[in-house]
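Quick one: this structure, given as structure tokens, is what I'll be asking you about.
Think of it as A, B, C and D in the order they're written, each chain with its own count starting at 1.
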Amino acid sequence: MSRHDQYREEVAGRANVEDTPELVEYYGDLKRKGAGALWTVANKIEPWEPASSSVPMLWRYRDLRADVLRSLDLVTPEKAGRRVIYLDNPGRSDVAAAVGWIYAGLQVMRPGERASAHRHSASAIRFIMEGSGAYTVVDGHKMTLGANDFVLTPNGTWHEHAVSEDGSECIWQDGLDIPFVNAMEANFYEVHPDLQQAVTHPVNDMTRTWGNPGLKPGGGKWEKGYSPLFKYEWDRTHEALHNLAGVCDGSPHDGILMEYVNPVTNGPVMQTMGASMQMLRPGEKTKAHRHTGSYLYQVCKGSGHSVINGQRFDWNERDIFCVPSWAWHEHANASASEEACLFCLNDLPVMRALGLYREEALAENDGHQPVTV
Amino acid sequence: MSRHDQYREEVAGRANVEDTPELVEYYGDLKRKGAGALWTVANKIEPWEPASSSVPMLWRYRDLRADVLRSLDLVTPEKAGRRVIYLDNPGRSDVAAAVGWIYAGLQVMRPGERASAHRHSASAIRFIMEGSGAYTVVDGHKMTLGANDFVLTPNGTWHEHAVSEDGSECIWQDGLDIPFVNAMEANFYEVHPDLQQAVTHPVNDMTRTWGNPGLKPGGGKWEKGYSPLFKYEWDRTHEALHNLAGVCDGSPHDGILMEYVNPVTNGPVMQTMGASMQMLRPGEKTKAHRHTGSYLYQVCKGSGHSVINGQRFDWNERDIFCVPSWAWHEHANASASEEACLFCLNDLPVMRALGLYREEALAENDGHQPVTV
Amino acid sequence: MSRHDQYREEVAGRANVEDTPELVEYYGDLKRKGAGALWTVANKIEPWEPASSSVPMLWRYRDLRADVLRSLDLVTPEKAGRRVIYLDNPGRSDVAAAVGWIYAGLQVMRPGERASAHRHSASAIRFIMEGSGAYTVVDGHKMTLGANDFVLTPNGTWHEHAVSEDGSECIWQDGLDIPFVNAMEANFYEVHPDLQQAVTHPVNDMTRTWGNPGLKPGGGKWEKGYSPLFKYEWDRTHEALHNLAGVCDGSPHDGILMEYVNPVTNGPVMQTMGASMQMLRPGEKTKAHRHTGSYLYQVCKGSGHSVINGQRFDWNERDIFCVPSWAWHEHANASASEEACLFCLNDLPVMRALGLYREEALAENDGHQPVTV
Amino acid sequence: MSRHDQYREEVAGRANVEDTPELVEYYGDLKRKGAGALWTVANKIEPWEPASSSVPMLWRYRDLRADVLRSLDLVTPEKAGRRVIYLDNPGRSDVAAAVGWIYAGLQVMRPGERASAHRHSASAIRFIMEGSGAYTVVDGHKMTLGANDFVLTPNGTWHEHAVSEDGSECIWQDGLDIPFVNAMEANFYEVHPDLQQAVTHPVNDMTRTWGNPGLKPGGGKWEKGYSPLFKYEWDRTHEALHNLAGVCDGSPHDGILMEYVNPVTNGPVMQTMGASMQMLRPGEKTKAHRHTGSYLYQVCKGSGHSVINGQRFDWNERDIFCVPSWAWHEHANASASEEACLFCLNDLPVMRALGLYREEALAENDGHQPVTV
């Protein structure tokens, strides 16, 4: 017979009820009626602070790249839908998440291939890792893509990915809130009736229309829940990091960081997922802090290491690593002469919209964690 | 050895890859690297539409009331923290939820008892079912409570419940987003350092300050993420239903329904949970619809039945029942002469803030489900 | 020949150029080209602080009431359009304003009369002073009105005023932003094609739908620039003042003051005009402050006096007085046993929306002005 | 004796009361009480549509430039404050406005000169016309400026203009809402206690921080009522026009138009004044429309003409012309090979914030006005 008093705590204001035969019978009776006694689970469901079920980990690109490419020969796009190797956090295997409620995968496509168009309530991003000729079509808007470009395929939009005939094999990171939308029991999926959608606007029109700083098109309206700037180009983003670095000291925890935003609201690019790009200047070593929310980093440039909950992870370009909710973390650039850049996908928009964001700086040891692993 | 091809679908645009020895070996290799092949899980994690893990069900008050009262003798407040019988949906036992990510319980308190003060990142509501003399203190504001009054104890506020010496045994429904905030790995909990907080404002001051229709106190500012109107009194709410009934036809799906709102924003009372009160007029029988989000109803007045995904649930005053996400549902008042009123606690604020709300009316059979159970 | 150096100031950073024959010729030359030299007008158009062109004044109801009633016999509604005596501030006669850019008039109507329907870009309010049976129709919504009820006829809405057959002669105060909208060169006027509009909704439906504190109708949307709560009833407003008085000390400058608000935004009732109701408790005497914006008060209840820029104005029920922009003002209730209530119409929404609001408390003399007149 | 019936109209719903001896006596009596009969002025103050008091006109730069330069010798900065020739619309001389409530002037400064720092409730813009080395300091932020750069000095900010020692004589257009803020009786003026302010931030820091499309600085907050992007550079703006021209057809009335916006809100750069830059493509001739609000154009590039209320105005680079409220207007580029660009300063933010904006396209004659002058 299972115990009901394994969560007892000897603290005023917390539950501390020992099992007795009478109580156990009472619990059984409640169970039959679809009920339970709160004091048997209160301390479990009201923890003192978050303890993430996600495991801090790093996926090396040099380990996974060959597997990704191998999928080109193992399965056809027609059979597989998309050839994607997803990141499977051991603590989140049940929901196929890389960290928290965020799904991520590495997708590969050959020149001339074009995925079938579909749409779903989950929101997605695509971050280009290698290859030329990649493009994405979102609700009739075609965007051409190069390395480190960041593109959105928001909740409810028809979208498809492709590589042009004159391109090369392309690999990119997909990021989706599929686990979250499933958890919210709100996921819908549709295949496009024609399997492919028409390109109905000039190429890159959204970037040219909405990507002009401090300017908006006359009479232009955009009231959807996501950014009209579907594509965020690397050159502009990289330039922005240097613009900012020239006029401020940056954050002790994140160096020089820019958040990707919806230019119409200055808020997150989509309602459920946000992203940022940060630069660790040559020799920069940040201090530790922790915050709620789940974070998935990709190294865009340079090499270095991060310490996450006391564990050190060394990283190189294209490696991916995760920081679970409320995990201490700090970053260090390994080079004294070259910058390092980290792309970060996260669920901050959810945490902020719902009043659940909280952060804390590490006070001890000059802000640095002892490295235990 | 487990199969990897159990989710295959013979539909263009969906994954349909059969296991082969080579693939199975490949899958094993990926597993060891913390990765997987998307096509083995794609159809599972991208369902065509939501299928809730919550079971539609009804908790009869006449079944549970005696158990609730019995807890008065079985445990002390000091040991139990609070004497609460929680609703344990068989599909959500792992997270102690009544439906979706919503926790609910029936709490009982004797005259003269006062719970210890605490605060947490989870948000809570309290809906009074029976007894006199109940009151709640939120951040120094004391509110007196009667049957069908609805009170908030939002995310981060110090709060405590009590019954005055001259009151009677009180029972109320608690509702919290504990399962959700835990799922988001953002729950923090603190016991008040003094175990009890001082009442620092006149009794019911927030209702008297913010509960005047079309008026706000001069110079009054409120910028927190929740309603300053901590208490919503039944008399006013009931009157509002009749006001509205006198000037409109109401909704075919919900009769006369008022949403409880933050008077400063006209938005939800809290960022993660919303609530409404609806009246089914004498003889009223609504048509079926379904929407995303999780809903927990309490019958405040009258009797009738609801049909949820084809299953009929008959209800009486104080019964509680749930409607899982995307479940068809319709309601009927059993009386031709008396109104019936339903209080509903839900996670609509989350669904709306994140762009995940969707609804659909039943087109067939004049909007009524065939009753199968 | 006119001088150009009459605004000289001997202060560093201010213009201080003396006329010379060469300069005067230069000024004449500029004039012919549609230009001028800024330094000849700079100190005039950039004053150190506002000096209102409006004169503080009080209109006694016992002086004007007979004139208002006399208009019933002097002109017909057909010829006059409306029988209104407007308040003509000597400093603002050129724009027919009572104070600043606010127009106000006293309108009278006989039982059974109904004005022709029209609409305009100017926004209007109506505040009932005496009589029974008054009603207003706004875009098909009919509202019944009694003394001290406050009703809106916003920018662009079809509206008409009337008194029912079984009513009595009614007098009310009109308030409009006509002078402001004219100054902005944005006024349009239309007479209803049928001269009268149909009542298309249940009587008082907007109040019954939107006037329920902390509740909104399910699915109810309102996105117009003005309050859907067209009518603010005196009973509720009066009750609200007492609610607030019971739980706070009020403002040292205004006693117990409630702002009328749009319940959907908690902002002003209309985009260009706001209003408030305040109560001076028995014996209450407020301290002086001043702020930008123009204010027109009507005494709803009681008697007392106000000191405006050092001038004392004694008032009784139904008197109207104005406080120009940046004028010092303080109020006193004459009674030690009865409350006094002041309705105030103002352009605060304009001042706030455009970042032009500023206020200052009088520091000297314990906050009281020396009375000079 | 003055007549009181000069505004009579023979239209149902309009005032139409003829003077009689009795009425005239009544009017005199009212006058003595600070009142009047509405029907004597109603038709005057409630016009059928706006008739602007501003005169459409054009100021030729080749006419004014010599006068502007001459001021360098005629007055010292110490005596004049600033050497500015202001545009004096004959219909608005009483308030020193170029059009509506907008003030504009041409300011000149020698290398090495620096104006004294001040601040006021009026908001200002500066648009560079010629010369090198100009810069502006706003609240400690220094911005370097070149031709066609647009810079803000918002309501309440300390600001000063200067030209560096190694620059050349600079001329720019000032634009302020002084007449409007005076009309609202809300203007305050202060000279900086030190006459000059310190530069406390890196040069051009606001542009580098906030001028990155689709990106915001991590943790960056800006809640003031105006844009943090104080400077809008011509190169970026010009590039934006071409970006937009490449992907859309533009407006039939305005060609390719971009509004300058606050990147934090996507709203206007300041609460009381807005601005736009538009490009008329080679050979482009727009169709006429009219809208409420006042508009002041400067020709940044190219030549052409505009037709305003039937009057043709030919323009060349640096000419300035105005379009009064509700005046029909259309523009034409004179060149078949070169683009023309128009900068426009306006009070659209006021019109929009207050619900007073209205527009209409000319339906007749294929959208073109007959030219009468």
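FYI, contacts are C-beta pairs under 8 Å (C-beta built on N, C-alpha and C of every residue); 3 or more make two chains touch, one makes a residue touch a chain.
Just so you know, these numbers come straight off a predicted model, no measurement behind them.
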Any chain touching subunit B and subunit C at once appears in the list none
Taking each chain's centre as the mean of its CA atoms, the one lying farthest from the centre of subunit B is chain D
Dist(centroid_CA(subunit A), centroid_CA(subunit B)) in Å evaluates to 29
Chain-centre distance (mean CA atoms) for subunit A and subunit C, in whole Å, is 53
Whole-Å distance, C-alpha centre of subunit A to that of subunit D, is 45
Where subunit A touches two or more other chains at once, the residues are none
The residues of subunit D that touch subunit A in their complex are 201-202, 204-205, 208-219, 227, 229, 232, 236-237, 239-240, 243-244, 246-248, 251, 254, 257-266, 269, 276-278
Listed in rising order, subunit C residues that touch subunit D in their complex are 11-17, 22-23, 26, 29-31, 33-39, 41-42, 45-54, 57, 59, 63-64, 67, 70-71, 74-75, 78-90, 95-96, 100-101, 103, 105, 116, 118, 120-122, 155-156, 178-179, 181-192, 195, 225-226, 271-272, 292-294, 324-326, 349-351, 353-358
